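Next, two complexes with chain A in common: one pairs it with chain B, the other with chain C.
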Partner chain A sequence: MEKTVGADAVWAYRKDVAKRISFITICIVSVFFVILLSGSIGTTYGFWDVYEVIYERIMGITHPTASPEWWRSHYIWNNSLPPIIISVIAGAGLAIGGTVMQSLMGNPLADPYTTGISSGASLGAVSAIVTGFTFSSISGEMGIVSSAFLGALIPAFLVIFLTRFVGNSPTTMILIGVAISYFFNSMVTYLMITTDTDKLQEAFLWQIGSVSGTGWGDIPLMLTIVVFSGIAVGLVSNKLNLMMLGDKSAKSMGLDIENFRTLCLLLLAFLVASIISYTGIIGFVGLITPHVVRFIIGGDNRFVAPASVAMGAFILVSANLISNLLMPIGDIPIGVVMSFVGAPIFLYLILRSKAGRDMF
Partner chain B sequence: MIFFLLCIIGSVFLFVYSLGVGHFDCGILEAFDIIGKSLRGEELARQTKHIIWYGRTPSGLMAIAAGAILAAGGGVMQTLLRNPLADPYSMGISSGALFGVSIAVIMGISIYDSSQSYAVILNAFVFALVPMAIILMASRRGDMTPSKIILTGIAVMFVFSAFSTTLMLTTDSETLATVYSWRVGTLDGISWASLGIVSVVGVIGISFLLTQARKYNVMTAGDNSAKSMGVDPKRTTLVGMTVISLMTATVVCFTGTIGFVGLVGPHIARLFVGSESKFLIPAAAGFGGIFLLASSCVARVSGPLGLPVGVISAMVGCPLFIIILVKMRSNVWGSGV
Partner chain C sequence: MKIDIKEMGFGYTATPVLKGINLAIGGNQLVSILGPNGVGKSTLIHCINKILSPKEGVVLLNDVDVSEITIKDLAKEIGYVPYSTTTSFPLSVVDTVLMGRHPHSKWKTTDEDLQKVYETLDLLGIEHLAMRSFNQLSAGQHQKVMLARGLVQEPKVLLLDEPTANLDIKHQMEVARIMRDLAHEKGITVIMISHDINIAATYSDNVILMYEGSIFAVGTPHEVITKENIKKVYGVESEVVDFRGKPHLVLIDEKLKNLELPKDSYVSMRAQETAAR
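Up next is the complex of A and B:
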């Protein structure tokens, strides 16, 4: 990089940067656009009702209990808005989880759940649903959430702990993670086939993942952790770039890869656990978003990380919008919507992509 | 080679042992007696003959055949795609098959004559191959790097999964339970006819992969070196993947999607024999066979109803895998896989 570079190359680089930044800007603008649209979709209320309610709430205007205005305010504030906000947070968080995991492991198949987090969370939630046993001895709705959260952390810690004995290469980490997630999943399967069919259905629904039915109380923890992780990943994105070159190159550039990887995995464990314990296992967005971003703007993590945040939020909030639009037909969870709409687009991007555009 | 022979000998012993194991207890000699009489066509008490001859014998042999096919297929797939996370289902076979089963069970739609009992099997087989067909078509235009192939497989898988999930969500909880148990995979109710089909396909498929072993080795050195050695990497990859897909689809349509053995089986074999395909393929096949058979034995004694073999193989295999990994402390996954 230190050698003299021609003016053309500098200009080309700047143009590239400008393109990347404008892509990120477009994503962020689209997120806000979709949020503005989402408010009234799938409800009987009009487009402006939503903003009236928000205005009223902010200004502290109240209505007499059980009047039509009160119902409107109550419904929009407590039922319509939280899922939208949660889908933005969850999309951003899962996408950044996927980006970091793929860079850490140097593997295009890695996603936020690679260390077995989803299987642990499933075990926590399904055991709470099926047997009533929770890891946190809290019962009811919060019992499922807290049990899923604690369950999610177990496999991640096991992976970190076990790799200390085996040597900390990405491949052994991935394999241990996969083996552990098979183990936990087999226990989930055992619980699900031995229970009655109704509980099977409830557990199955939890595993698919959904943002509907979430409330304001679910937001603070998730938001805090996602924002914190986002900033942390932004700070280390240069190091992530080194990791993608492979362990040897990263080491020779002076990076303490073992500790760096462990720290990142810990961060990811809390990030992903805080999201999926409220929403269930939302697939697709964490795995696909970083690839889509890389296809469009290339593999430099300083840009991929923020772009994935914006893109992930956009994908999930749009899926929520479409899912609400489809409400008259049936309650189709956002995970399914994403796959239906997103997978063909993704396929098209893969087939169209130029050689060398994908980082892997 | 020793590892492979050990696996073979182990399988034979375990198979003999497995005949006597289960809810209906009977000695090994008695089991042999029953098999001998069945082969000679003598009359037997209906119940014992039913359990041993139509139940345990084909199901035990199927465990060996299915385990061998899945593990050998997984090992080659990992080599071809240069990814340790690849398994025989990487081409979306499991999601395609599940889709076929879902539409057969839930909507009653099938390729051919939905009233027949083989409608579900046929549906599973045909739809299992659809993702592979899409990948083959896509590969005709433009170069397919291993990571592009993997991502294409994932994209196709997501589409099929979305369809199946929608169907499973719209149906009642009873039908959901049927489809769900298919997805978990089981070795119960295997007939002699299906065993025959699977073994023939398995023998042909694995032999073919063995003949290609030299090419796979050359390819691990990278595409350019492969080309200079006279191996066309793209062609070899696609042919190998097609053969694996056909083998896997044959297994899956009879047993459901049995996980774990196809992904972790080859890795365990790798820990013993290294990554060279010539040794890896037979070792993985041998280990896969004995491992699935052992799992099915454990599954059978685990309760009166028995647990699905997929569940047991993961529960037993995961600690086993980690112990072996920690004990050997080796890194056989150097460059590539």
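Up next is the complex of A and C:
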């Protein structure tokens, strides 16, 4: 009888895959749990009230106007849930952005803002806040959003355009991104130091990143782009794996790296711009989420990508929860919480991975 | 599978790295490319598999210009193992080797893909490392994993950029032997860059010696590895002796070259035998 090579090993691999899928499932369930928990924090309503309201809204169940159930539904749906849902979407989008950027650049220190997207968004938003000048014809709050969105696209397009002439190696892209960031940041700084205190505070708060004050109207564009990007990244996640072994290896395995990298950067530009134009620059989630996921389930992007979506959503909605819990001592933006809580966890993971398993 | 390189030239800048390369390689054989550092060995194999595009001339794969073959189709024909591969990400050995299936497979890993991966790992004697982290392996294991990744690509031509670098002599011999056996038994052409002339002489069917961006000599190890060629290309004194049908290079330090060797020494006896023949 012919020897079957590695039958046990094939089974071991399939078992490992099952573990990865289980992890993703646990993350998704955890996100729903934290959504319900977050909705009940800082209100008189409980965990199950939030569940019931979401269920009623989905099923189209209505209550008589001004009845206690109507007020409950109105408050939770319109006040509590939008920032929570935006945290989920933004967390998912930034995390998958980090996963893609780290794989594309072959660099674990890359994050969604590596090509200078955040500096462009900052310039767009701060110019709209300080001078009233926007890159779009829309004024007011949506003027800031649209200006930040268009501003975010500029560095990404510049990086893509310039690397057409000098080759789009990861190092070149990162360096061009750094140069563009410095240039844009200098203009942001100039605008901020030449404006009044109120506008300075508004501009500064925008840069920190926050989901408070957001509504359902902020969700459709962001959700559409994040969902589209998530699906697209999932479909090319096997190609992202090749990029992790370096350009030469990826090319020798049949990947057209130049076009692939350009397309991914375009996708990332729209993804990240659609998020931070509404939330401001929320740092850290795009950097640490892929690492946390890889630490637990390994580096195969076919699993890391969906797991990052779920884990990113979980991390940011948890940060929003902590932000709400800390509300009695002041309004602490989610971006601050994210860095304050995320940094020690990240350090812990690094120390633990160096002691045993590899993370970098 | 047949590779024909005609009047090929390449340069990263205006200064040519390769010039006037004419080569025909094919058949089930292990071919070693030898030459000093910076002579263009890696550049040559990068031009063969389209990592670089030649500035002049053409590279033909079975009479088809490789520039007209898509990257993915070319990957089904030509595999490549780079000089060194490191990754900052925690990939298991199976995940790493599975990537080699990319030109043939879809998104999903099939049982056939896994079977091919484990057969290759078994062939290289590293099946037990399958679920280990790629980054935690020794240099020798690392190199074998990358060879496995190249092999599961099922190429007709396998290009290896110094596959025995950083390995101890036992592992160097093991890797070179595996490559020769693969070439002969699996019917593929293996082209290997090497700095170890004796390893190349022992295991290669043919040798290409490069000098200043050009092909200096091509032929069997006996035809190419001569003390005159070594002196010209590397600028060092040597004796090339015949040992069990293979040329064997013995380097002679400049300061010691006038030193009379004992007549019954190994080198003297082999040199006398070679001269007599």
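We adopt the following convention: the second predicted complex is superposed on the first by the 315 of 360 C-alpha atoms of A that agree within 3 Å, B and C clash if a C-alpha of one lies under 4 Å from a C-alpha of the other, contacts with A are read in each partner's own complex, and residues count from 1 in each chain.
To be clear about the criterion, a residue touches a chain if its C-beta (ideal position, glycine included) is under 8 Å from a C-beta of that chain, and two chains touch if they have at least 3 such contacts.
Worth saying up front: this structure is predicted, and the values here are computed from it rather than measured.
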Report clash or fit for the pair chain B and chain C bound to chain A in the combined superposed model.
fit
Quick test of understanding: once the structures are aligned on A, what is the angle at the Cα centre of chain A formed with chain B and chain C, as a multiple of 10 degrees?
70
Partner chain(s) touched by A:108 [first = chain B, second = chain C, both, neither]
both
Between chain B and chain C, whom does A:238 touch in the aligned arrangement: first, second, both, or neither?
second
Counting only touches as set out at the top, which of chain B and chain C does A:185 meet: first, second, both, neither?
first
Which holds for A:255: it touches chain B only (first), chain C only (second), both, or neither?
second
Classify the contacts of A:54 with the two partner chains as first (chain B alone), second (chain C alone), both, or neither.
neither
Please indicate which partner A:322 is in contact with in the superposed arrangement: first for chain B, second for chain C, both, or neither.
neither
Which chain, chain B or chain C, ends up touching more residues of chain A in the combined arrangement?
B
Which partner does A:26 reach: the first (chain B), the second (chain C), both, or neither?
neither
For A:174, is the partner it touches chain B (first), chain C (second), both, or none of the two (neither)?
first
In the superposition on the shared chain, how near does any CA atom of chain B get to one of chain C? Answer in angstrom.
7
Name the residues of chain A shared by its contacts with chain B and its contacts with chain C.
107-108, 358, 360
Per the contact definition, I'd like the list of chain A residues that touch chain C in the complex.
5-6, 9-10, 12-13, 16, 102-103, 106-108, 235, 237-239, 241-242, 244-246, 248-249, 251-256, 294-295, 298-300, 302, 357-360
For chain B, which residues are in contact with chain A within the complex?
83-86, 138, 141-143, 145, 147-148, 150-152, 154-156, 158-159, 161-162, 165-166, 168-170, 173-174, 176-177, 180-181, 184, 259-260, 263-264, 267, 307-308, 310-315, 317-319, 321-322, 325-326, 329, 331, 333, 337
Given the complex, residues on chain A that touch chain B span 107-110, 162, 165-167, 169, 171-172, 174-176, 178-180, 182-183, 185-187, 189-190, 192-193, 197-198, 200-201, 204-205, 208, 283-284, 287-288, 291, 330-333, 335-336, 339-340, 342-344, 346-347, 350-351, 353, 355, 358, 360
Which of the residues in chain C come into contact with chain A in the complex?
46, 49-51, 71-76, 78-80, 82, 85-92, 94-96, 99-100, 102-103, 107, 109, 111, 114-115, 117-119, 121-122, 127, 130-131, 133, 135-136, 153, 159
